[in-house]
Every structure is written in C-alpha cells, then in structure tokens.
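Each structure below is given as structure tokens.
Look at the two complexes coming up: subunit A is in both, with subunit B in one and subunit C in the other.
Take a look at the complex of A and B:
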C-alpha cells in the first residue's frame, strides 16, 4: 500500500518535472532578452553574431535545442553556464547545500515560533492576551520576508551591530570545511566555534524567512487547537484535572497538527522561493542568489537547471509532507 | 549547594549559546589592520577576464586588475603607462607593431612570465572560437615573432585603439603553460595571474579573499589580505560600511553618500568617471523630423536634473565625449532653451495642444535615478509640446532591441569608455553598421567611416570632434550627463579615486 502510493507519487513527480522543463525551456526562448545580444562586441558583424549564437548552441530551432538539452539531462549533463562557464550540475551541487541549510533552519524556527505562539494564544483564549497575540500575528503576516530582511539588517546589523551582515561564514575561515553543508559538518565534527560562526551568519536570513511562515503556522494551528479544545475527550481530560498546557500538548495538539502540517508543506515551498531575495540581501551564497544573476545575464542553461532544482525540491517536500500527514493520521494510513 | 532543574539548564544553555553567538561577532567584524574589506557592488561569476559577457562588465575590472595584469597599465588618471609591456608602438608606416616584455615578472605559482605568454594571450584573444568579445580588435594584428623579450607582429588592419584596448576590457595576460595544463574549467578553480594579489579563497555570490603577492613587480601591496564581499544590494552595502563590517564601499545612493561621509570615522569621495547617461534616438517615426529631435534636446534642463535628482553628483554633457575623453570639445554646446524648443516644434506644426508623440524606454534602478530622470525629462518635454510615454524594460531587453534596431524612438542608456577614445563612445554608439547604434543614416556613416583607420592621430581626433559637432547640430542623440562615483571608506584609509570607476585595492592605503 505504502510502496504503491510512493511509486505513484514518484511517477507523477517525473511527469511534473518534465512539464516544468518544457515550459521553462520554451518560455526562456520566447521571453524578451537575448543572451547573445548581451555579448555582442561593439565592432561585431552579422557573421560574428551568428558565430557567437552557434558557439552557445542557440542557432538551432527550439525543438532541436530542447531535444539536445533533454538528451544531455538524461545523460547527467545539464550543460555549461554561459556566465559562470562551469558545469551547471556542479554549480547546483555547490550551492544547494547552503539553501537547504537556510531553508531547513527557517522551517524549524518558524515551527518553534509559530507553534509556541499558537499554544500561548490558545492558553490565553477569550482574554485580552489573545487579542494581543492575534494583533501581533496579523502584523507578522502582513510583512513580507524581504522587509523583515531589511529591518533586521538595520536593527541587528547597523543600530546594534551584533550579527554579521553578509555571507555564510567569515571570509577568513572559509576554507575550513570539507563539505558544503557547513552547519551540519560543524555539528558532526563537534567544532563548536565553527558552529557558532555559521549559526551567527544564519540568524538574520533565517529569521527573515521564518517570521512570515511562523505567522501562518500560528494562525492555522491556533484555529485548529480552538476547534479541538471543545471536543468531548478534551473536556473529559480537563475534568480529570489536567492543566491547560498539558491539555494542549498531550490531548489537543496531535489532532490539531494535521492541517497545520499540510499547510506548512505548501508554505515551505514559498519559503524556498523567498530565499531568492533574502539570499541576495544577505549575500548568502545559495541557489537563490545565483538565480538572480542567472536571470540578469540570461544564462539559459543555468536558469533551466535552477528551475528544475527548485521544482525537484518542491516535489520532494510535498511528498514528505504527504507521508508525514499519513503517518500522523491513522485513518489515512489505513486507507 | 545549587542544583539545576531542567528549566534552569535549558535557560543556561540558551543563554550561553546566545552569548557565544554574539561574541562570535568579533571574529567576523572587519579589518584587522592588514586586511582590507571591500563591500563590492557586483558578484564575480567567472575568473577568466577574457571571455563571456562578464569580461565586458566594467564593474568587475577592479577585481580582474587586482589578480591579473593588463598588457599595458592605466593609472587612476586614465594615463597609459608600462604594465607587463614596458614599451610598445607601431613602425613608421604602421604596418608592424612592436612590444617589449617586462623582465623579472613571475606568475602566482612562481614560474616566470615570458614573451610566449604575451603572444599566446594575444593570439588566443584573436581567435573567434575562444569567445573573446573584443576579438575584433585583437584580430587586427598577428604573425607575432619573439626575439628575447621583444615581440613584433604584422598589422593586419590598422586599428588606432589596438594598444589602448591592451589596458581595458579583455586586455589581460594569462599564463600559457598553466592554462593549457588545467583547461578552462581548471582555470576557474585555480586562477593564476601576475597581479598584486593572489586568489586565496572564493565563494561565488559571497566573497573573494586575496592575499598579497610578495613578488609583485610593482612592489609589495599595502594590505596582506583583501576581501571583496559581493553585496549587490545597495542598502546592504550602506549597512556594511556603517556597521564597520567593511572598510570601503561604492555606488551607494547619493543621499546615503552625503549622510555617511559626515558620520564620524567615515570619509567619502565622489569622482566623475568615464560612464555617461544618454538617450538613444532611433531614426523612426517622429524622430525623422530634425526639429523634433533638436527640440527634445533643448527642452531638457540637465543641470536641474543633476542638482535636484542627483544632488549635484553629475556633469551635464552635450556630446558623447565627456570632459575627460580624448576628443572632448567644450565648444560644442546645445544648451537648455525651452523657448527655442517651442519654436522648433511650432515650425513642424507641434505645440502643447498638438504635441509630438513618441515612446521613451528606460531601465528602472539600473543606474542612479534612471527612471526618475526620464520622468523629469518627460515633464520638461510636456511643457514645450512633446508627449512621451514611458516604457520600462530590463537591460537584457534593451540589448536585444538595440541589436535588432528595434528600440523605441527614444531610449535611455548608460555608456562606458574607460580608454577614453572616441571610437568606443561616439564611434560604436553612432556608426550605422555597429550593432550598438540606434541612429543609422548614411550622412553620419560617411563622416565616421574614414576615421576608423585614420593613421594621423591629430587628424583622427579632429575628425571625431567634427562628428560630435555634426551629431549635436542634427540632434542624432541626447547626451545627458557624466556619472559621478561615490566611494565611502573608513577615515583611517586613503583612497585614490580611479576615473575608470574600477576601485582597485592597490589604490587604497592606510592614511
């Protein structure tokens, strides 16, 4: 049952990725902004321009270009970046870990903040405190991630300069890592100083990405908890003398978390999209930052690779969330 | 005896973590005395300075000039001076080129620079298949012969700017043996030059760390370590310098420049550079009417734009030759004259009630106040009888439209010319066959054509000045202003501004 469900999801994922590939490939070639036009030398003749176009394989028809690209991908060759002049797959492998660490950290922080505020809000329901929690949450919801990023830069970078403003590590110690998963590596190798260095660079971009998601989690979880808290089994538990906090944590939370988890999965994909701007503001060397340069330079092979990578991440996240929801809900687990 | 419960232990752990996190700030704070940290405005995507679109980006030249050396050097005042070549020139009838290679120079891996490296770099640049965007210049000479540290070559087509380009875009010397050994991808991973600093660590979109080249032929560089932080967001660059995380930054909004330079511990300089802002006129529609073109130019109060929008940081210009260019002619003046603009438009049947209509394209945020400038210009035009619709586009779209000769009748753009020769400004921007021109008419091409190969330098420059005058009289383009580059730095430093706009660490020293 589980395997069949998983196989079906993988099949759908492959089809989705193929569709994404087709759409991106065609859109990039019909959208304004010719990459060759950006490279034309002042004294270039039409023959020079044609040679340049052929050099980058852009002289063929779109179907032929697509077939060649697809053939390359199936052979593990995503092409060479026009602007960076390196293998696209190598670049993705180099940059993805940074984005994955950032996105995962942001998700965890969002769950902690969002979950915590939802629980506090539930404990304070029908009091003035609940209004304060709701108002604060509304404010969090209304402010997008890039505004949080700029506000954090101003407060924690300039007014109270306690955190590094840019990058992933201190440039002086950048070559102290064997892998690209700096945070994970520093934990696994028990290098506390390195962990602190990487973590201090992660704080601001993580908060910028996490706060809007935390607000969403708070709203959904608090609503779900409110509905659960009036269920008979919760009332019975209360009659038995359980404290409010224990009621929420031990009785209500498990049933309320389902819809929150599903929504968090969807919102997490938006969070990954948000890394594009946030990574730019903090000069964080992830795929999002690279994506902006790729678009500015009309680096078609790199944009295609990046979109496929983002697509793959979205699909994997959704599959994981689906599996988690099933695991948490016995009714779904048993068909 | 004090005992810790679970809550106390958690609180203590969290407190320790936060304290350590904040204490870690000291590690990443900028500038030990032998380290210079620059909050740089663009990312460096590729190390090879001779190929790809990045090779022609004037902004990245500051980094390339720090790791590599040009064939010929160019000072901050734009004067050409010996680099890896100590002497150079043409023979009497300009059929041969000759060069003398500096002796005693070593690559970053310790191997000596040879005349073979120079010739290999020139020949590689001249090959179309290597993708050098300035190949059309490098291919004008060839058949190089080496005799010790002397190189001679044949002039295949006389190009007056051949040696000037040796100090600018793609005019860098690369190591023949190393490049042939490691290949293009290998070179990206381990770039080697002869420049004052050597690549030490690199994280794309984040930073480049360089260490001083102790064997640099120009003497030991002033800092042991230089860090370029890639901070494309202007707000973040302001934060970098204001927080003390970086020692120098550039190209920030002029409002912030004025504010920061008065902050204690910081200083600022603003220097006119070789970039200009202009409006391309395309020979279509209403722009075929000379009166409309000239009226559009006379109606613009450039000084007001500079004073009010750019806080005085800009130099109004009337030709594509800025004051620090070789063919600058101060006698060519168009001038702000709205009454004359009205008269010209009236002569063609246009007025404020019956305006001449066209579209003007512009970028938004690419250059300081670009969109706002065009808004102001459209407002000035409206007062004299021109109604222009603003269309915002991305720079990539501009390039595509320009190459296809499909720009709108008016299009804002910025143009750089660090070798200050008229061929690279008026020439490429206005010569019909150039893929970068918008105005394409025979009368102008007949004037420009003979100047490309003119061997008499005095006659050549005089010819370009005459072209500038002719263009101004006919309103074929609307030059707006020469840009001013703002640089903010810690007051313990001394920064020599570079008129090319390249902020090179070798021009920064401790005060």
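Take a look at the complex of A and C:
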C-alpha cells in the first residue's frame, strides 16, 4: 500500500517535471533576450553569429531544440552552460549541495522555532502571554526573508561583527573538504572546528529563510492545537493526570499537525525561491546565487537545468510531507 | 455514611452576566449506589458532574455549598490535591465514544494511561491489567483490540473500552455522562447492563447523567430530577416511578410512550407546569437575595 502510493507519487513527479521543462523551455525562447548577443565580440560578422548559433543548436525550431534537450537529459547530458562554458550537470553537482544544506537547515530551524512557539503559545493560552506571542507572530508574518537578511547583516555582521558575512567557509578552508556537503561532512568526520566554521556561515542565511516560514508554521499549528485541545479525548486525558505539556505533545500534536505539514510543503516553494535572493546577499555559493547570473547572461541551458533542480527539490519535499502526514495518521495508513 | 455529599450547591455563569445555573442543590450518594441525575438541557446535571470531576469551565463560578467526597471538600481542594482524586478515585465515562478516544493512539496506551501515570505501573503490568479489563467488559479478542486504533472499532466497542478505562483505576465513584446517548438503541441496552454489572462487581458508586427516564428506571437506585439548576424531586427510583409527587415529574412520566398502550397519543408537558417551575426558581432567587 505504502509502496504503491510512493510509486504513484514518483510517476506524478516525473510528469510534473516534464511540464516544468516544457514551460521553461518555451518561455525562455519566446521571451526577448538573446544568449548569443551577450557573448559575441564587437565586430563579429553575421557569419560568426550564425556559426555560434548553430554551435549551441539555437538555429533549430523550438520543438526540435526541445527534443534534442530532452534526449540529452535522458542520457544524463544537461547541455553546456553558454556563459561559464562548463557542463550544466557539473555546475549543478558543484552548487546544489550548498543550497540543499541551506534549505534543509532553514526548514528544520523553521519547524523547531515555529513548532516551539506554537507549543509555548498553547501552554500560555488564555493568559497575557498568549496575546504577546500572537502579536509578535503577527509582526513576524509581515517581514520577508530579504529584510531579515539585511537586518541580520547589519546587526550580526556590522554593528556586532560576530558572524562571517559571506560564503560557506573561510576562503582558505575550501580545499579541506572531500565532498560538497560541507556541514554533513564535518559532522560525519567529527571535525568539530570545521563544523563550527560551516555552521557560523550558515546561521544568518538560515535564519533569514527560516523566520518567515516559522511565523507561518506558528500561526497554523497554534490554531490547530487550540481546536484539538478542547477535544473530548484531551479533556479525558487531562482527567487521567497528564501534564499540560504532555497533553500537547502526546495527545494533541499528532492530530493537529496535519494541516501544518501540508502547508509547510507548499511554503517550502517560497523558501526555495528565497534562496535566490538570500544567497545573493550572503554571497553564498549555491544554485540560487548562480541562477541570478544565469538569467542575467541569458544562459538558456543553465537556467533550464536550474529550474529542473528547483522543481525536483520542491517535488521531493512534498512527497516527504505526504508520507509524513500518512505516517502520522493511522486512518490514512490503513485506508 | 455517604460517599459523596453535595450540600446547598449554587453556581453562576459569568459569561451570561451571573445567571444562576445551580440553585442550592443537595444530594447524597452511598457507597455502591447508582444515582440518576435527570433533567432537560440546561437543568444543571452536567454542571454537577463537572464540579465533582473538577472539570468546570472557567466561566462557571461556584458561589455557595460544598461537595464532600470521602471526608474532603472537592470544591475547596487545591488543583494539585484535586488531581490526585479525579481520574483515580473519581473517573468518567464520557458521552460520545467517537470523540473521547484519541484517533492517533492505540487502545492499549489509552486504556493504560491512568494505570501508568497515577498508579505507577510498568507497561508490562499495565498491559496485563488492560487485557483483563477488556475481558471484563466482554470484548472478544482483547489482544487485537489492544493493538487497534479507535477508527477500527465500532461505537459500542469504543464505549466498552472507555468503561474499562473508567473502572481500571478501581474508583470509588464513576460519573457516567449520558454514556448511551450517542449509541444505537440495541447497543444502549448492552452498555447499560455492562455499567450496572461493572458497578456491582467493583462496589462502585455511579452518578448517571441522563435525560432519559427509561434509562433511569433500568439502572438507577435513586433519582434526582433537576430543573433550572434546582432539585425538583429526589428519592428512590421505584417509589418515584410509582408515586411521583411533583407535577413536573408526573407530567414527564405521563409524557413517555407507553408500549402497552400504543393507541395513546404522546402528551407534552403542559405550559402551566413550566410556569409553576419558573415561579419556584424566582422565589428561590428572592430568598437568596434576602438572606444574602
């Protein structure tokens, strides 16, 4: 049952990715802006331009170009970046780990902060503390990620320069890692100094991405908890002698968390989108940062590869969310 | 010597600007006795049972009276002391078995919560006791039910589980809050019989909240009829059923369908009786004001 559900989801995911590919491919080619115009030297002859165009396959019709691109992808060839002149897949492999670590950290931090505040707010319900939590959360909901990024830079990078402002690691440490997953590698290899170094670089971009999502999680989860805490089974459990915290964690949370999880999956799109601007602000070498350059340079193959990577991240997260919802709800598990 | 003695209990609802919801209620419950609290909605029957369980909503304020249980006044205990008694010496069989079990937890953990939390039993011991309890409430295949989630059980089965959980603590008093209202008529009878049997076996006192006089006749030793938070009539069930004194009780008994006389139309309680009841409430409130 579980496997069938998963297989179905993977099938849908492939279809979605294909759709994403078609849309991006066509949009890029009908939108104004010519990648060749960005790269030709002054004084190039029309013949030179035509030769370049042919070299990148841009002289074919759009359907033919798409078919060639798709054929390449199925063979594991995502094409060559026009502006950086390197294999798109290599570039993604180089940059994606940085963004994956950042996005995952931000998601976990958002769940911890958002969930924690929701639980504290629920424990404080019908007190003045609850109004404070609600008011603060209302304020947080209104602040977008890039404002957080700039505020964090000002406070923790300029006024109190306690955290590094840019990059993933100190420049001289870049060769100390065997993989591109710096954070994971430093944990697995138990290099505590390296872990601190990577983590300190991650703090600000992670917070900038996590805080808006945390505010959404708090709002939705706290509301759901409030509805669950007055259910008969919670009242009965209170009578059985459970503490308030235990009531929330053991009785209410599991039944209240469904909508929050589903929403988190959707909101993750915004987080992924946020990596583009936040990575730029912190000069963080991830795919988001690279995407801005790719768009500026009309680097069609690279943009296509990046969008597919973003789409894949989104789909994977939503499959994980769906599986979590099913795992938490016994009625769905057997049904 | 009564197990529970409620004396002159009055309460108001702060939400409705201090409207009285209990008016000088007194009742006594002997060990091993089943008492029925009867009345229409808003008569105060569930306010009384919630007061006994320490589950009154914040909007309800006790203004007067006491509820002495085993020598302690439940209404003046600190919440910490009260929590030692409720859920252990006093337990609840809830109204709706469909909402009173957590959909996300297995029966085993929900059935044995109290044993583990209040009795400090190990999970192995609690599990063994849980299986015994399920057999006691006539559940077939208790092993399977222990592993099941609530949605895998029927309403009647769930109510049996909740009854088992209520008696698991060997309480002195069980509050049964309309435990059959949400059930199918055929299941109702079985559940009533089960509660009566469990009560007799454990020597437990039961407060049986209901609006169904037929249920009262089946299960209760004594009955207290409430209207507007005031005791209208109280006494032994058989005697009241035979010779009701108050016109409201007489009218209620006359209003019920008679299976032996199916041709007779249902007789609603006449409006004059409600007018009389309202006058009794008003005169009680005037007395309260005069005596402060």
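Here, the second predicted complex is superposed on the first by the 334 of 335 C-alpha atoms of A that agree within 3 Å, B and C clash if a C-alpha of one lies under 4 Å from a C-alpha of the other, contacts with A are read in each partner's own complex, and residues count from 1 in each chain.
In the analysis below, contacts are C-beta pairs under 8 Å (C-beta built on N, C-alpha and C of every residue); 3 or more make two chains touch, one makes a residue touch a chain.
In this text the structure is predicted, and so the values were computed from the model without any measurement.
Engineer: Just from the overlay, do subunit B and subunit C fit on subunit A, or is there a clash?
Structural biologist: fit
Engineer: Thinking of the overlay built on chain A, is A:126 touched by subunit B (first), by subunit C (second), by both, or by neither?
Structural biologist: Only subunit C is touched by A:126; subunit B is not.
Engineer: In the superposed arrangement, does A:167 touch subunit B (first), subunit C (second), both or neither?
Structural biologist: first
Engineer: Residues of subunit A touched by subunit B versus by subunit C: which partner has the larger set?
Structural biologist: After superposing on chain A, more of subunit A is contacted by B.
Engineer: When the two structures are overlaid on chain A, which partner does A:241 contact: first (subunit B), second (subunit C), both, or neither?
Structural biologist: The second partner, subunit C, only.
Engineer: Tell me the contact category for A:232 with respect to subunit B and subunit C: first, second, both or neither.
Structural biologist: After superposing on A, A:232 lies in contact with subunit C but is clear of subunit B.
Engineer: Of all C-alpha distances between subunit B and subunit C after superposition, which is the least, in Å?
Structural biologist: Comparing every C-alpha of subunit B with every C-alpha of subunit C, the smallest gap is 21 Å.
Engineer: Please name which positions on subunit B make contact with subunit A in the complex.
Structural biologist: Touching subunit A from subunit B are residues 17, 20-22, 24-25, 27-29, 35, 37, 39, 43, 45-46, 48, 51-54, 56, 128-129, 131, 133-137, 184-185, 188, 201, 203-207, 209, 225, 227, 229-233, 235-236, 239-240, 242-245, 393-397, 399-400, 402-404, 424, 427-428, 433-436.
Engineer: Can you check the complex and tell me which residues of subunit A touch subunit C?
Structural biologist: For this pair, the touching residues of subunit A are 126, 231-242, 250-251, 254-255, 328-331, 334.
Engineer: So in the complex, the part of subunit A that touches subunit B is made up of which residues?
Structural biologist: Interface residues on subunit A, with respect to subunit B: 32-35, 37-45, 48-49, 51-52, 55, 81-87, 94-95, 150, 153-154, 157-158, 161-175, 192-193, 196-197, 199-201, 203, 279-286, 289-290, 292-293, 296-298.
Engineer: Under the touch definition given earlier, write down the residues of subunit C that touch subunit A in their complex.
Structural biologist: Going by the criterion above, the answer is residues 53, 55, 58, 83, 86-88, 91-92, 94-96, 99-105, 110, 113-114, 117-118, 149, 151-152.
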